[in-house]
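The two complexes that follow have chain A in common; it is paired with chain B in the first and with chain C in the second.
Now for the complex of A and B:
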């Protein structure tokens, strides 16, 4: 399947590629040892203590202790990442699953993750890898060059840093991006955006697209449900957008918790004012999991309400996610309303774009199409 | 002066009210925490422990002149904290609506919710014993114990069959409150009350307030509209609605939500295994969307095996259309018997059997995932029948805990079926058959079957299947196939409880998980625990210490009583199905046995209690109980015999427990000329609470019902030695 923009992405056959990838992947060895690669962002304090400067949490870590994320350790006054080249999850996913809708539609992404996360969302879909330490999962030794080799061998055009929180395996992600770039492999980061400005600015040039999970537009929600902060995420969004990086937002609509009309309206206004009305925003359906198993899944009506609010607020590309078959899965031209990309779940049924423009009226559709 | 009638009515009402409260609070708290073996165990353990402690505190402080105000102050303080804390519990733990509770949160919430009630309840026991003692010359502790058992029997029956099925819980609580106030003021000697009457009324009002305040736990459904709630004979049901999304909760746990957007993939992955489909059996009622998916297949007949008829009526009445139309479709036939028994009896030529029970978290659901059930199915169903079910999994990772959990079920499944395939994912789908040509997970073959049946689907399509069924994903299940370490899950050794507990605990702080894993990794400690009573006994015998021996017997009474009660309840569920409809009978027989067993030593006069006939009597009851228990584990498949045996054993084990308690109480009074109700009650309930924790969480899942036999044997030996060599002293 070639994307509508006529890019050079190769057709992807998940069955065939999956089998081959498996054979390859299992040629890799699982490992019980952790990595010992020096972390990129930390400050030495008195004695052997250090202060991590990767995320706004700024963990103060004494000797042989770890930061909140559980994957960075102070060893004698130096800070080390324990998960460099230690992937605990990898898979070939459609790019629509990330979701990135304006980024090479219909292509695949080799998706990797390590253990750990710098927040603790009570609804986390991947809590089994994000809320554990690396010793608690089975890790595969998967260095950056091996990732690139797999992508090349399987014609997978993109590497996605996803599932858990890629910020906590920052050095691994960084080195893989650098390695991938040498061979034309694209990189996308799927993140919560809870990161300090400096490391963010350094990683942006290595990326081709970034998707940020904005959990809520309420600091209280971030405190109670996410165990994080809202403002640093908003700051990160502005930086990503101002740097010209392709950005898509996901807002997981958790029923009764972050779905009030006011919150959704405020959120959409903020996006339009501070980012752009062209930033796609995905209102995705929550499915009860982890600690929030006694809530209902998000009603479709609630998602439609969020979608309508976004449209009324002037956002051009709102989507509804995790509802296969819904008309708000598709991309429409903001100029003439023409259906541009027809989706059904992960499947692309139709693309009506010509050189990144509407096939009917020629309106420019922002995104990374080629 | 109280009449003989009054002396009877006091402990009877006490038993009635306390058991009534126990049932009420346990149900209420379980509906908050969610139904689980650990949840039940924890609440009952806390209940028993604090009741015993209340009795002990009353004996030590409350009855003495001058100290009653101190105890009042303590109770009052606790009551205020408790009362203030209840509505704010979710804030204290920072729990959000819909958030599940961990072990520590459960424990802390239970303590807060129960402590005052239980302390007071224990103290009241001592007060009643003192009241009876002041007005008669009988051994009041034993008398109260016997009559209280009868009261508990009446309370259990009344609550189970009348109050909770006919009137809302909070009004039941009010009725109990009025009863206890009435009997205290009408019948109880006010001079012997633990607290001054006015304070007593105040504390009781707090109880009533608490019962109502418990409604505040509805916080879990905050912002959702509660459409309907009901108690069935099997579960507590709540249906909520939020922006046209309906969610059904069973005992506080989300059961399903309607409408579902995604199609039930396991239905189609199962149905596409055969070209011609006629008959399908479904174990357990399922969401309407799932039925709709099956009804896409023309002329298929569906037999749904479900024992809770009220559940269907509830769904049809309260879910919006077309849910009712799906359930009422003429292609569906309902069987309202016990699914476990009926499906294996019927022996229909089913093409598919779908187990629609999500997770083996208790003895009833566990039956459908055991060697026993799979072997039954395998012999009764056609060779090319495909069995399918799904269990919760993980998208990305097959961790060791999940591997062991699924491995126990896979190892059970392969005892009945020789062709098994597992599809990993958020839900692990198990497909099994005895026909080696069945179960093809080739995407093209499945799509051809879809085409042939002309099935329209939105999400289960070629792209989806290509990702879900690619070899890379399928081979994630390889460690399950090769998992030789996990014991096969059986009825007698439901090891899956343990793994389920681990998986459940892994969501919370590491402490819960670490504690559970500790016991698995140090299983020998469980065996040491089994023999701990013997070790402490040797010390008693060696030092010829008499007084603690009496309390030890009481401890044994509590420990053996709860051990047997819990074991029999679980055995009943495992062998005979849902126990709710019979729980009144089982506990009733236990209580009657307790009353009768407890009445036996009351017949002794003077020093005859130390005669050997009492020794032989206790020994005989113990042997029969031991033998009966051994028989149950050997009578797999003999439903009626098992039924009789479990009922009989419930009676006998109650008798053994009651006999032990009162034997110790009567002989203590004869020997020392005084009674010690607080200490005896504490010893009894301490034993009971410890048994609650160890039996259901560790002994049964990790070393099976055989361990109960061994434990009971040890307890029995302890009794024999204590009696023969310490109390009789020969």
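Now for the complex of A and C:
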């Protein structure tokens, strides 16, 4: 689940929350039919079976069955995405909610999702869209050109692929990116990063920023809590960073599960060594939900420990998330310590940057500012 | 614990000129199998061993692959008749699947009405859906069909026998993927241990009282989709109270046909149904057929 898991970024779900609002404004139709668009990245096997090559799971899918994500189906030996242009959640969110803190602060992103996910995090806040099949949610028909039209009508500069896991609606995301680009609309992907190298390399040039939920620095945790693997995510992070794409990380700190000093130290060292010291890392607060209701919310002290470890490890832009009003929500100049961007929750109170540099000492602050 | 029993009853007179099933012959087949399975003297007392007036019964066919390769509606009617003979009202019986579309495509007539005849509908029907809380045995947690959870007291698992390119064998255990909202989460690693863990849910063990394997049509390769060149018509029904024994038998039959037709074994094809052993370990039944009492009869 790629919602900045544990954050408050619950989508505007048309099922309960006022489909009429979007329908009336943009004449969107709900639809019971799923899409029938040829999937990208699969290979045919003997008979009618296929192997999906989009994510490291490499699902072996037989005729009439679906892959693990539940949104890609084998029909007679060809593989189809069932969720192209089938949005089940949408909202216009502050970009800070993704969270992307070094990317056009104070702007909005038209945020969309379809059903499905390629992992199954026990703490998923949006499990009711990520862990279901597309026919189990209400979908609106929202093709790429309609997304662009809404962005233009509402003067929203960015589309965010978020809430569930955009990797599983790859074709929809891809086509929307291409359409948006024609009209100068930016694209950001909010993902768990569990994707194969080739599709990742193909989507990066269509993006303007990527936020990855690095759920833990332990393979065991990925197995037990996420039902995925750590190494492919680390590989994806390197590819994204080496490509020069703006990257931010979220690390949901789950009490007793991934909050040891050793794991946090190893994680921060890895980020510094393999990515860079200027990649923002958001330590966000866990709230009990879905299959993980037996743990308390993360103590603020634990988040502060993670923040301190990151600083001591040499990371320049650690943040604490899901604790509105905390001083570690702000951006500080690594050169002189000046407060550069003051935030309250998702609101921006003050920006003290000039052409991407500290307003006081002129230190370059990495990010996408203009 | 007593030995598991499996009855395998053949009736080659069962097919009509169109390749469908004759009602009278199908009724005869089902009645006879029930009598032999329960050791009763007649059909009515056989059905009374599992059903009593006031029970609410579900029948879960496998309708994934359309009319040509789904559990037969004619045989479902014979099962309904058997349950009625034990005192159940028709309206206390529900034939159910994941979706209405699957049921219709397999030849079932939908009926949502509560007090008017045999009920037949999918979990996707308006106002039905999945449980409010999760059920979990092992790694995957699922919401389960409210039909199974709330509308029935007992269930007859009514699969068809098919080769399955991932699970190896699609029989009774695999048919229960139609119970959960997220069957896609149960397919990794050739469905092992997932297919067994699903049947080990306490609610499944409690409610799923009988498996009736429709082997009037079966497919030994290329499944679960319909591939006519691998379809055979053994004119058989298999019944057991042991869900593992019946799938172990299905596995053997599929392997026999594969061998006869020069196909590699499921093991050679890297899709041996290891979940049978998992099911045995979980206490669901017996996977070793030499330990199962098998009654085979031809009533043609």
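As a working rule, the second predicted complex is superposed on the first by the 345 of 370 C-alpha atoms of A that agree within 3 Å, B and C clash if a C-alpha of one lies under 4 Å from a C-alpha of the other, contacts with A are read in each partner's own complex, and residues count from 1 in each chain.
Keep in mind that, in the parts below, contacts are C-beta pairs under 8 Å (C-beta built on N, C-alpha and C of every residue); 3 or more make two chains touch, one makes a residue touch a chain.
Predicted, not measured: the structure shown is a model, and the values here were computed from it.
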{"item": "Simultaneous placement of chain C and chain B on chain A, clash or fit", "value": "clash"}
{"item": "Which of chain B and chain C A:136 touches, first, second, both or neither", "value": "both"}
{"item": "First (chain B), second (chain C), both or neither touched by A:362", "value": "neither"}
{"item": "Chain B versus chain C as contact partner of A:48, first or second or both or neither", "value": "second"}
{"item": "Contacts of A:291 with chain B and chain C, given as first, second, both or neither", "value": "both"}
{"item": "Residue contacts on chain A - larger count, chain B or chain C", "value": "B"}
{"item": "Contacts of A:314 with chain B and chain C, given as first, second, both or neither", "value": "neither"}
{"item": "Contacts of A:126 with chain B and chain C, given as first, second, both or neither", "value": "first"}
{"item": "Which of chain B and chain C A:76 touches, first, second, both or neither", "value": "second"}
{"item": "Of the stretches 185-193, 473-481, 509-517 or 635-643 belonging to chain B, the one that collides with chain C", "value": "509-517"}
{"item": "Contact residues common to both interfaces of chain A (with chain B and with chain C)", "value": "136, 291"}
{"item": "Of all residues in chain A, those that touch chain B in their complex", "value": "13-15, 17-19, 21-22, 25-26, 88-89, 91-94, 113, 122, 125-129, 136-138, 163, 224-225, 255-257, 285, 288, 290-302, 305, 322-325, 344-347"}
{"item": "Chain A-facing residues of chain C, complex", "value": "64-65, 99, 124, 129-130, 134, 136, 139-141, 164-166, 181-185, 187-188, 221-225, 227"}
{"item": "Interface residues, chain B side, partner chain A - complex", "value": "34, 94, 96-100, 220, 222-224, 240, 242-247, 249, 252-254, 257, 260-262, 394-399, 402, 443, 458-459, 461-464, 466-467, 469-473, 475, 506-507"}
{"item": "Interfacial residue positions of chain A with respect to chain C in the complex", "value": "47-49, 57, 59-70, 76, 120, 131-133, 135-136, 227, 291"}
